[in-house]
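For clarity, chains are labelled A, B, C, D and E in written order, and residue numbers in each chain start from 1.
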Amino acid sequence: MIPVSWYLIVGALLFGLGAFGVLIRRNVLVMFMSIELMLNAVNLTFVSYARALNDVGGEVAVFFVLVVAAAEVVVGLGIIVALFRRRASVTIDDIARLKG
Amino acid sequence: MNVLLASIVSQTPIVLPRISYLTIGPALVLFGGALVVLLVSALLVRARRPELYRWLALVAVAGEIVVATAGLLHVDAHGASLAVAGALASDGFGFVVAIIVGAATLVALLIGPSFVQREHGGPEYAALSLIAASGAVVMGQANDLLVVFLGLEILSISLYVLVGFRVGDGVAREAALKYFLMGGFASAVLLYGIALIYGATGSTNLVRIEGFLAADHLIHNGVLLGGIALVLVGLGFKVAAAPFHAWSPDVYQGAPTSVTGFMAALAKIGAFAALVRVFDGALASQASLWGPLVAALAVASLAVGAFFALRQRDVKRMLAYSSINHAGFILLGVYAASAVGIRAALLYVGTYGILVVGSFGALSLAQWVRGLDEGLCSLDDLRGLAREHPAIAVTLAITLVAQAGAPFTTGFLAKFAVVEAVIAAGETWIAIVAMLSAAVAAAFYLRVVLALYGRDRESSVVPAIAGAQVEDGRSAVTQRPSPSERVAVATAWGGVVLSVGATIVLGVVPTLVLSLVGRAHIL
Amino acid sequence: MGADPLLVGHIGWIDVLIVVIKVVVAFAAMMVSVLLAIWVERKVISDMQNRIGPNRAGPFGLLQSLADGIKLFFKEDLIPERSDRFIFKLAPYLSLVPAFLTFTIVPIGGVVDLFGHRTELQVADPPIGILLLLAMSSISVYGVMLAGWSSGSKYPLIGSVRASAQMISYEAAMGLSIAAVVLVTGSLSTRDMVTGQLGTYLGFIPHWNLIRLGVIPFVIFIVAITAEVNRPPFDLVEAEQELVGGFHTEYSSIRFALFYLAEYLNTITMSAIMVTLFFGGPDGPDPHVLHWLWPIVWFLVKTSIFFVIYVWFRAALPRLRYDQLMDLGWKVLIPVSLLWLLVVAGMRASRVLGFVLLVLGLIAAGVLLRAIDVGRRRRGQSAPVLPDLMDASMLGPSPIPAMVEEGSTTAEEGDDDGRA
Amino acid sequence: MTLLDWLVAVPVIGALIVPMMALPREQAWLVRAFGIAMSIVELGIAVLLAVRFHIGAPGFQDTQDLRWMGALGVHWYLGADGISLVLVIMTAVLFVIAMAAIKGVTDVRAYVGWMLLLEAACMGSFVSLDLLLFFVFFELSLVPAYFLIADFGFLGSGRAAIKFFVYTFAGSALLLVGIIALVVIHDHQTGNLTFALPALEHTRLAASTSLLLFLAFTAAFAVKTPIFPFHTWSPDTYAKAPIPAVVIVAGVMAKLGSYGIVRFDLGLFPGTSRQLAWLMLTLAVAGILWGAIVAAGERHLGRLVGYSSLSHMGFIVLGIFAFSTEGLAGSVLQMVNHGIYTAAMFLLLGMIYDRSGTLDASRLGGLQRHAPVLAGAFTVVVMAQAGLPGLNGFVGEFLILVGTFVTHRWWAVVAVAGVVGSAAYLLWAYQRVFHRAPSEDRVVHDLQWREVALIAPLLAIIVFLGVYPRPVLSAIDPATSAIVARANRAPLPVASSTPTAVVSTLTPGVRP
Amino acid sequence: MSDIELERGAMAQYLPIGILLIIGVLFGAGSFLASGLLGPRRPHRAKAAPYECGIVPRVDPPERFPVRFYLVAMIFIIFDIEIVFLYPYAAAAGSLGTFGVIEVAGFAVVVFVAFAYLVSNGALDWVPRRRVRAHPPEVQRSLEAPARAGSR
C-alpha cells in the first residue's frame, strides 16, 4: 500500500507547480489553469488526510471545492472572454493599462 | 447482498442537523432577495428597470438588518450556540458582522446602481451585491474553515463580476481579470492552508480545532504552522495586506468607482471577520505561532499603504493604498488577540466599511458631474471641484479627512480603539508605527482635498483634451437630465449623505456603535 | 451498495482468472455485437427504404462489416499538415476506450457460480456504478472535441464544437433522469438498480423503473442518450450536407474505423444501460430451466429491441435543426427532468409533499414559459449578449479569436461595447 | 450646561449655521457679521467665565463631567484653572480680531465656518481635563486650520498646509499612543479605565516608562509649539497662510503646544520632566538662538516672524522647564503676550502686504513717510517683541529669565543673548521696512479706521499688560505654584532593575 | 476487519475495469500498428491539406472555439454541479426524508431562478439573428474613438 504521505507530497508538488505557474506564466489562460491545478492539489491533500484520519470530512470538503472551482471557472472564463473580445492577446503583459 | 459489504456501507442513520433559521436568516434573506431580483427581471420584457431592482434589493437588505438584529437580541437573551451541525456560530460576533454588512450594502445599493447601471439597467448589479453581502455574512458567522472558504468565494466571485462592470476603455474588465487571477490564487492558497490545518487537527470545525489545540500540546507541528501561515497568506491577499497587496491598486483603479467602495468594504469586512474568527478564536492558543506573522503583515501594510500612496497620481489608486494602510490597522486589532482587540478590529472594519462606500460614492458623484465615466480618476480630474460643486467637494473632503482619522468622525474612533487594543497588548512600538503611518497617510488624503479646493495653479496643468472633455461632460450633464437620471442621482446622494452622516454622528456619539461591537462575542 | 462477491475479501489467482475471462468474453462480445449491429442497421434501413442492403459478404451480407473493417486497415493513414499531431492521434483513444469501459457496468445476467466462486454476470460492479457512465460520457466529449480541434480544418472544428455543445447539453438532462433512478434505488450500483426492479405490481405489471418513475424519466433518458451518442435525429455533428463528416472529416483509415466502432459501441451500450435503468435489466419470466440462461436471454432481447428502435429512429425521423436541438435539450428536457426528480423525491417522502411539489413545479413551468417568451421578445428589441454558434463569421480570415471576429456585427457592439 | 460647555458649543453651533447661510454675493457681509457676532458672544462667555472665576482658589473650576464614550472610558470632562482662563480669554480676543480681519475672501461662508470650528477646537483644548478629549480637540484644530491655510493662503499655501498638517499630525500620533499607554497602565494598576487628568496624575510609572511617555507627549507639543528641531513647518506656514489664519495659528495654536507641556508633561510626569529639564532647556535655548540667527538673515517678513516666534516660544519653554514659580508664571504670561503681539505683528504685516503687495523686506521701504500711524503701531509691536520694559513682552521674558537664572543659571545666561538678538533683528527689519528710501514711488495710505479698530485693542493690551500684569499673574499664580511645587516634590525617577519595564508594566501576563 | 482491508475490497471492484482499459488501449494501439504496416504510404501535399470539398483552402482555419460555446459550457457547468449535489442526495434520500426533499427543492429553486434568468436573457437562444446593421462598425468606432481617447 502506498503510504498517505506520498499522496501529500504529490499534492504539495502539484500545488507548488500551480502556484509557480500562476506567478511566472504570462498567458492568462495558463494562469487560470494553474489556479485550477492548485485547487485540485488541495483536493488531493484533503482526500489523503481524510484517508489518514479516517474522517469523511475531508472528502466532503472536496465537493465544496469542486463547486467553488466550477463557479470560478465560469466567472473566470466570462471575464477572459469579455476582455479578449476587445483584445487579441491572451498575454498578461499586454493587459497593463492599469499602473501607477 | 454480501454481509461484509453491508457493514462497509454501514447504513448508519444520518443525523439530520437542526436548522436554526434565525442564524442563517440574514444570509437567507439576502440571497432570497437576489433570487427575487433575478426572477422579477426574468419576467419583465423590458428588463432595464434599475430603480425597481434597487428598491427590491434595498428591501432585502433592510430585512436582513432586521433579522440580524433579532438574532443579536436572541443571542443576548439566550446565549450563543452552534447552529446547523456546528457549521455556523449563532453568536454576537456573527450577527454584528451581519448588521455591519447590511449597513454597508444598504449604502452601496443607494449609490452604485445610479452610476454603474445607469445605462445597462439590468438586475445584475443588485443581485450580485446581495449575493456578495450574503457571502460576507456567512464569513462572519462561519464556525468551520470550509464555511469560511465558501463564504469567501460567494463574496469574491460576485465581486469579480461586479468589478468587471463595463466602464471606460476596458479598464474594468482588466481590473476584473487581475482581481480574478489574484483572488483565485489567494483562494487556492487559503484552501491549502485549510487542508493542512485539517490534517494537523483532524477537523475543519473551529470549535473542535480550538478544543483539539487546547487538549493536545502539539507545539512544533510543522503542518499546523504551515497551515496557519497559508491561511494567513490567503486571507492577507483578500484584505490586501502588504506584501500581498499587489492586485489592489490595479483593481481599485480600474473598477467602476462606486463598485470599488462596495468591494473595499465587503471584502474587508468579510475577510477580517474570518481572520478574527480563525485566529482570535480557534487558533488563539497558538498566538505565539501566528502573532509575529500578523504583526509583520500589519506593519508592512501600514508602511506600504502610507508611503506608496504618496506617489500616486490617480485618486482611486491612492485610495487603494490607503485601504492597505487601513488593513494594517485592522490587522493590529487581530494581532492584539484580546476581547478589546476583536472589538477594535470590528469597530474599525465596520466604520471603515461604511465610510469607504461613502467615499467612493462621493467620488462617483464627482466623476459624474465632471462627465467622466467611472473609470480612472486622476487628481486633475478633481481639480477645482469645490468651486463648481461645493457640496460634492465638501462631502468628499469629509470622507477623506475622516479616513485620515480626524476627530469626531468614526475614522478617529476606530484608530483610537485599535491603538488602545495594541497598547493594552503591550506592543507600544507597533502602535507608534501605526500612528506615524497614519500621519503620513494624512498627507495624501490632503492632497486630494487640496486638489478639490485647488487654487494651486502651479501644479494644475490641465491638458487641453481633458479640459475639452470636461466641457463636453458638463454640457452633457447640465443638458436637462432625464427624470430617471435625476432620481438616480438623488438616491446616490442619499447614500453618500447616509454614509457621511453615520461617520460624523457615530464619531460624535459613538455609544450606539460601541454597544454594538461590545456585543460581538465570539463563541 | 454494489460489489461483485468475487472480488470481496481475499482475492486468489483463480479470482483473477475469472475476471480476465469475463473481460475477454465481454470484449469479444462487444466486437461481435458491433459487427452485427452495423449489419442489422444497414439491413433494416435498406428494408425500410425498399433497398436490399449488404448481401455479398457472407450469408445475407453478415460479414460485410468485417470486410469493411479489414479494408480500412489497408487504406493510407493521413494526418493533415495543419493538425496538432499528438492530439490528432490521441483523440480516437478518447472516443474508443470510454465506449469499452461504459459497458462494464451493465448487468447481463444474474449471479452464477464459476469454478466454485460466486460472481455476478457483469464485468464489474463498483459501488459507484452509474457514475462511471457519466464519467465516461464526459471523457468521450473530449474525444470528439479534440478530434475536431486538432484537425486544423474548418468542418471538423464546427462539427466538434457542435458535438461537444450538444453532448454536454444533453448530459445534464441525462444525469437528471438517472438521478431519479438513483433516488428510487438508493444506490449508485447498477446491480442494485436491477435487483430493485425485481417483482411485480398486482402480479403481472413488472416492477420496473419505467413504471415506478412514471415514464417521464425514461422518455427524457432515451432522447438524451440519442443525442449523447449523436445518433439521428440528433446527428448534426456529422451532418453531411453542411459539415461533410463532422469532427472526423480528416480522419482516414483505421483511425476513422475506431471512431465508427466507438459510435456503435456506444449505441449498443446505451441500449443496454436503458434496459438496466428502466426495464429491469435481465429481469423477466423465469421458466425454471437453465436458471442462469434466462436473464441473459431477456437482457439480450430487450437490448436488441432498443437497438432496433434506434435504427428505426434513424430511418423514420428527419434531422433536427441545430437551434431546435438545443432548445429541446435546454428548455424542455432539463427543466422537466429536474421537476420530475423533485416530484418523485417528494412522493417518496409523502404523498402530500409530492403533490405540493408538483403544483409548485407547474407554477415554475409557467414562470419558465414566461421567461422563454420574454427572451424571445427581448430578442426583437435588442441583440443577444453573445454571438451565434452557427455564425459563419467564425470562419473569418484572421487568426485572432473567433470572438473578436464576432464583434464585427454592430448589434453586439452596441449592446456590449459600443455605448460610450 | 456650564459656561465651559457653552464655550465649546457656541462656535460649533455657529459653524453649523454658517454653511446654511446661502446668501447672494452682495449679502456676504452678513456671514462675516455673523462670524464676528459669534466670536463676540464667545468673548462674552470668556469674560463671564473670568468674572465668575474664584481668583486664588486652587484646582479646576466650573467643571463638567459627562460620560461620552462609556465603554472606552472617555468622558466629556471640562474644567478651567487660571492658566486655562487666561488662555481662553486670549483666544477669544484673538478670534474676534481675526474674524474681523477677514478681507478679500471669495468664499466667506467656508472661511467663517472654519474659523468658528477652529475656535471651538482651541477652546476645547484649553479646557479639557480628559486626556482623550484634549487630544480630540487638539487634533480637530488641524482640520479647520488646514483648510484655512490651504484654501485661502498665498501661492503655494497648499503644500505648506499639508506640511503643517502632517508634521503636527505625526507629533500627535505619538501623543495618542502615549495617552493610551498611560491609561492602560493606570487601568492595570487601579482597574479604573479613565482618561481623566486628575486621576492619571496618580499613576505610578517606572522610570523608563515614564521617560518614553514623556517623550511621546512632548513630541506632539514640541511640534505644535514649535520647539527647536521640530519647527521646520512653521516658517513656511506663517509665510503662506492667510493673515487672519496665521494670527490664530501663531497666536493661539502654538499655545496649544506650550499649554500641553505645562498641563500634561508637568502634570503627569513631574519627576521625568525635572530629570529631562536639561534637554528641554537646551532645546529651548537652541531655539532661541537659532530663531534669532535665522531671523536676522531672513528677508521675507512672514518667515522672519516665524523664526522670531521660534525664538520667543523658546523662552516660554525655558520658563516652563526652569521649575521655579517665577519661570512658570512668566511662561504662562508670555504665552498670552506672545499670542497678542504675534497677532498684532501679523495683522500689521497683512496691512503692509495690502499696501505694497509683498512681504519681501528687500522690496519694501520708506513706508513711514506715507503711513506714520502704521509705522507707530509697528514700532510698539516690535518693541513689545523685543522685550522693551513697559510693554508686555518685557514682563514675561523678565520673569522667565529670573526664574531660570535661579535654578539653571547658565541656560539663562545664554538665553539672554537671544533677547539681544531679537532686539537686533526686529529693529533691523523695522528699519528696512519703514525707514529706507521707498523703492518705488508709490502713494501708500495710512491706516484706515477699520484697521485701527483691529490693531488698537491689541496695542492696548500690549501696553496694559506691560504696565499692569497683575490680573493675569494673580489668576495663574495658584495653578503655576501648585504645578511647580508638585514637580519639585516629585521624586526623580530611578531606573528600575528590569530593562523591559515598559512591557512588564504594561502587560501583566497578556502576552508572553 | 480493519478499514484498510475493506478499502482494498472496494477497490478490487475496479479490477475488471482496469483490465478492460488495458485491453482497449492495446486494441487501439494494435490497430494503428497493423494499419501502419498494412496501409500504403504515398504522401502528397493535396492529401495533407485540410479538406475543403476540393477547393484549395485560402484562409487559415480558426484556432479557437466561438464564444457561444463557452457560454454553453459555462451554463452546463452550473447544471453539472447541481447534478453533483443531487446524486449524493438521491443515494441517501431514504434516510433524509422530508427534510432532504425540502432542502433539495430549495437548492433546485436557486438553480431554477438562475435558469429562468438565463433564458429570459436569450442566453439559450440559437436561432440565427437577422443582421440589423444600422451603420458600419468602422464609422461607429471612429465616432467614439476621440471621446475615449479624450477621457484620459
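We adopt the following convention: contacts are C-beta pairs under 8 Å (C-beta built on N, C-alpha and C of every residue); 3 or more make two chains touch, one makes a residue touch a chain.
In this text the structure is predicted, and so the values were computed from the model without any measurement.
Q: Return the chains shared as contacts by chain B and chain E, ordered by label.
A: A, C
Q: For this structure, I'd like the pair of chains sharing the most C-beta contacts.
A: C-E
Q: Determine, using the mean of C-alpha atoms as each chain's centre, which chain is farthest from chain A.
A: D
Q: Farthest from chain B by Cα centre, which chain is it? Let me know.
A: Chain centre farthest from chain B's centre: C.
Q: Which chain has the mean of its C-alpha atoms lying nearest to the mean of all protein C-alpha atoms shown?
A: B
Q: Taking the mean of the CA coordinates per chain, how far is chain A from chain C in Å?
A: 30
Q: Quick one: chain A and chain E, Cα centre-to-centre, how many Å?
A: From the centre of chain A to the centre of chain E is 19 Å.
Q: Taking each chain's centre as its mean C-alpha position, how far apart are chain C and chain E in Å?
A: 15
Q: I'd like to verify one number: the distance from the centre of chain A to the centre of chain D, where each centre is the average of its C-alpha atoms, in whole angstrom.
A: Roughly 61 Å, centre to centre.
Q: What are the residue numbers in chain E that touch two or more other chains?
A: Answer for chain E, listing residues that touch two or more other chains: 9-10, 67, 73, 80, 92, 97, 116-117, 119-121, 147-148.
Q: Pull out every residue in chain D that's touching 2 or more other chains.
A: none
Q: Which residues of chain B are in contact with two or more other chains?
A: Within chain B, the residues that touch at least two other chains are 4-5, 8, 39, 42-43, 47, 169, 373.
Q: Which chain E residues qualify as touching chain A in the complex?
A: Touching chain A: residues 3-4, 67, 70, 73-74, 77-78, 80-81, 84-85, 88 of chain E.
Q: Which residues of chain B touch chain D in the complex?
A: That would be residues 287-288, 291, 337-338, 386, 390, 401, 404-408, 412-413, 415-417, 419-420, 423-426, 428, 431-432, 435-436, 438-440, 442-443, 446-447, 449-450, 453-456, 458, 510-511, 514-515, 518 of chain B.
Q: In their complex, what parts of chain B are in touch with chain A?
A: Residues of chain B touching chain A: 146, 149-150, 153, 157, 160-161, 164, 169-171, 173-178, 180-181, 184-185, 187-189, 191-192, 194-196, 198-199, 202-204, 249-251, 253-254, 308, 311-314, 317.
Q: Give the list of chain B residues in touch with chain C in this complex.
A: 1-2, 4-6, 8-9, 39, 42-47, 119, 166, 373
Q: Which of the residues in chain E end up touching chain C in this complex?
A: Against chain C, chain E makes touches at 9-10, 12-17, 19-21, 23-25, 27-28, 31-32, 34-36, 38-42, 45, 47-53, 57, 59-69, 71-73, 75-76, 79-80, 82-83, 86-87, 90-94, 97-98, 100-101, 104-105, 108, 111-112, 115-117, 119-129, 131-137, 140, 144, 147-148.
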